[in-house]
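Some structures are shown below for you to check.
Both of the next two complexes hold chain A, though its partner changes from chain B to chain C.
So, the complex of A and B:
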């Protein structure tokens, strides 16, 4: 059995050079990762990476999104900032060849990637949006500085069953002179006694009238988009868009399943998080994202077949809930002897297949309502528990997002539900965008979790 | 978790906190609406639960669900989706309490006919819930009659604005929200000549927070308007009496859904325009934003209020029940600045 080691940025550069010298074909966004440090992404100097060329493609693809958006604009495409729904509207936007969707929400990670050199959090503070808000406050600052993404041609944001942080911050974005098309995502309500619900991708149920309502909202968005940017999205286009999105989702589903069920972890937690994030809006290139993810899947399958991976078969199988604002903490998991076997990063609905047997706007409405954040925390907890069982997770990390309006209370419900079903350790941690001062205590908590899980393994 | 209710009347108490819930809709079902104003700020998250979470939890939400779920006279709790904290509060109630809880979706957007219909549909669902509690679905004329009664009471209440002190009026509003009763005005209130008029805006005022009126008065202010979430800002518009007979539900939905400006609506520019008008009409010289810790909706807009209003803004963050010494000092300094 070969054990892989994560490598530093410097080692990545060396490995990349060697790969090229052996005839490796770099994609157009390829290159040494260290070049992104020069562009300001200083935070990546502190990360450890998977040692493969395809993982470097993944990183290069992630870190060149801004360039892609600018290229798209130069090519005459309209940029649509889709906010908050995480995964649904981009399917509709990409359905039109003249449109590109992106998530301004992605500014969440900028302070970490740039090691706070961008001073976005400071700018947000000055705007009165301080550390009692979730790290998405960096988005507000990014709109003000205008340094991180081109100004979108149109902004669309879901409201209703969304978090307070985002709703409040998006409103501030609009208050600064960036008009937003608000669309309503109702709270996915419990069904009435004699009401038949419709099962959504992911297993939750929604009332038919709510699906119809969201479908009408989709229709309204299409209409306003046509008026605002002059691009009419037809149902036929959406059908094609759904089919393309489903290819990406299928690839990710296969990737996750292969990783979670492998004897030895074939990919580090960090790269899997980055790969999952691609489902949200395809990192601004729906065709290329499939190339990147397929490459990753192929690599993972080869590693599994060869019995190659990180740590050994005794590493603890951890289920991770919520994304972390400081990506270094994902590296810490392996350093403490854990591996990822199950994830719920707030956008599981973006990983599910979009139904193709129903009219396309209804399919998107169902996807929007399947958002884990749109319903009760109990629904979210149920899905998490089903996956814990499916993947045999031995420990759970609930990573609280500092300031997030939902985390404190959702964490209680999720933890209680897991504990009522499984006899596995659950730990709650809180990870700020730059976690330097918390590194030692985070490490202690993760190590303790792994130890407890190993102890329980022996007792079983 | 509740013990046996003592009287038939108390058994029918339906508790809620949101101004979007029409008291007359509950009353028309034969149940007792109670927009609870007085809260206990118990530090534990939930009276009956083995959890104690403070960071990230709005003390108002915590106080509301604590008190509502531990009051033995409560038959049901209604929450709204107007903020994420309340949505999650509903999750907790269903996890830890046996009191039936209804979570009503109040649309955040307000500019389309679709969301108006959605609100109406949510009111109908609320009606179904009230029937499940033993309430009786009212006939349209019964609903219209109840609406007329409440409309008259609100008219009587509003007639007292400016006739009684800001604190008295705020307490009258709270009393009406809680009991449906309108108390008569006392002798006419005339603010001292040297009093500096200020206006309140922000989160609901509860219990000891009414002392804020006294603190401001101590430092020479009179509160000219109360645009907090328990103040006159959130009263529904008067009902369209001509349409009441034929379509009372529509009239009810319209008055409650879109008639008052709210910080959480999207877009929320109405509340900024509304505030500008109030500041001008009441000649106030300062505005006081009162908000709870962890309440993102008000917190995020503090700076925008500061920038958009023509008068200074004092931003007060309250963490619980008491008005602390630091807050008193800030009020004093603010008032000195307005002199």
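So, the complex of A and C:
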């Protein structure tokens, strides 16, 4: 059995050179990963990467998003910043060939990727959005410095059943001269005794009038978008957009299933997190993201077929809840003897298929209401538990995002729900954007979780 | 054959040597932690070997634990202090179901199942308010030695209420209490109650005993009583509570060796190296 080893940035560069010499064909955004360090992404020097050319494509694709956005603008396309909404509006935006959606919230990884050398968090502090807010506050600073993404032609942000602190950050963005089209995503309430529920993708249920409300919001967004950037999105366009988005989602679903059910981990947790994040906004290129993810899926399938992977079959199968702002913590999972086996990064609805048997705006409305953050924490916990059972996870990490209002209480509910059903250890950790001073403590928690899960295997 | 456990904690380093025949402690030692963690730990280890009249070759296996465990590259393996603490305490109190470990800069609640296997754990968050560091700060403020701190709590009539959840703000609160002429006894008792409340929040719901208190803070008089009051159950102080994690590490070292030699399957395999 061959064991793969994650490699350093330097080793990545060497492997890349070798791959090219063997005739490897790099995509137009390809190249040695170290070039991104020269662009300021110093933080990647401290990461360890999957040892493959397709993983390098994934990283290159992630780290060249700004270039893509500028190219799109040069080509006459309009840039729409879709904030807070995790995966619904980009489907609608990309439905129009003249529009590109991007996700300004993605700036939350900049302090980690750039090793905080552009001091975005300090800028946010000075703007009154300090460390008591979610690390997405880096987005606010990115709007001010203008260094990380081109100024969007239009900003759209959801409010209501999303993070309270995010709304405050977005309001500050607007106050600094960036007009925002606000739309409401209501909290998914329980059904009244006189109501019939409609099942949403992922299994939750919503009242028809809530779906109608969100559908009307979609209609309003389409209207304002036409007025603001001159692009009219028709239902036919959305039908096509849904079809294309579903291809990406299907690929990601297959990727996750293959990884979670493999005997030996075929891909590290870090690369899977990056891949999953692309479901939200396609990393600003809906067609190319499918190429990147398909390549990753093919690699993973080949590794599974060949019995090749990271660690051994005895590594502990870990379910990870919530994304982390400091990517190094994902590397820590394998370093401590764990492998990824189930994830819930707050946007599982963006991994589900969008219904195609109903009118497209209603399909998107159902999708939006399926957002785990739009419903009760118990609904989220239920889905997590179903996946823990499905994938045979042996331990759970709940990663709190400091300052994020949804994380403050949900962790306890999810933890207690898991404990009431499964006899597996659960640990809560908190990961700030730059976690240097907490690395030892985080490592202890993760190592202890792995030790406990191994100890419990003996009992079972 | 002998085995060693080294607990490189945040405030002190502890070394325990045991004999494999009966898991008896043959020697132990403790020193303050410092910048040169690996060197300090090795010096202490050598000193304990000398005390026991042993050579390095007499030690079959060394397990390192604690905050600085990964710095000790001369150890054979590393295991977290959570597992080691549980092993050490379980050896003393076989039916223990919960270990409360309050150390210099962190605190932990470790739950064991009926078979003595670690089932779950909780650790304090980033703040030092539920740890020994809080007591150190109070001792400094009151110009007292840490070891004398607990004695005066017996004189407390109306323990102060420390409401701040952050040690920095709590210190300010203590300054305010001193200014309002609250007695040191009442302040210390208030701080101990505050730490106990933090532990209670980590314990969460149902408490199953026996509950055993380990870690350096268990040596401070009054702390176990404060815990009993908050947890509403008896809290037993571990024997030599500052050394139990190092002792557990030594037990794991012996168990790992047993497993290698005799194929026994009663001990966790180290995952650190």
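Here is the rule we use: the second predicted complex is superposed on the first by the 459 of 460 C-alpha atoms of A that agree within 3 Å, B and C clash if a C-alpha of one lies under 4 Å from a C-alpha of the other, contacts with A are read in each partner's own complex, and residues count from 1 in each chain.
The working rule: a residue touches a chain if its C-beta (ideal position, glycine included) is under 8 Å from a C-beta of that chain, and two chains touch if they have at least 3 such contacts.
This one's a predicted model, so the numbers in the text were calculated from it and none came from an experiment.
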Does the superposition put A:451 against chain B (first), chain C (second), both, or neither?
second
Which partner does A:421 contact after superposing on A: first (chain B), second (chain C), both, neither?
neither
Report for A:257: first if it touches chain B alone, second if chain C alone, otherwise both or neither.
neither
After superposing on the shared chain, does chain C or chain B touch more chain A residues?
B
After lining up the shared chain so the two structures overlap, which partner does A:169 touch, if you call chain B first and chain C second: first, second, both or neither?
first
Using the superposition on chain A described above, determine whether A:336 touches chain B (first), chain C (second), both, or neither.
second
In the overlay, answer first, second, both or neither for which of chain B and chain C A:459 touches.
second
On the A-aligned overlay, A:189 touches which partner chain: chain B = first, chain C = second, or both, or neither?
first
Both partners, chain B and chain C, contact chain A at residues none
Contacting residues of chain C [partner chain A, same complex]
67-68, 70, 79-83, 106, 113, 115, 117-123, 125-126, 265, 268-269, 271-272
What does chain A use to touch chain C in their complex?
336-337, 419, 425-428, 430, 438, 440-441, 443-445, 447-448, 450-452, 454-456, 458-459
How about chain A: which of its residues touch chain B in the complex?
127-129, 132-133, 157, 159-165, 167-172, 174-175, 180, 182-184, 186-187, 189-190, 192-193, 209, 213, 216-217, 220, 376-378, 400, 403-413, 416
For chain B, which residues count as touching chain A in their complex?
45, 49, 51, 53, 55-57, 81, 83-85, 87-92, 94-95, 103, 105, 107-109, 111-112, 114-115, 118, 121, 125, 128, 132, 264, 266-269, 293-297, 299-304, 306
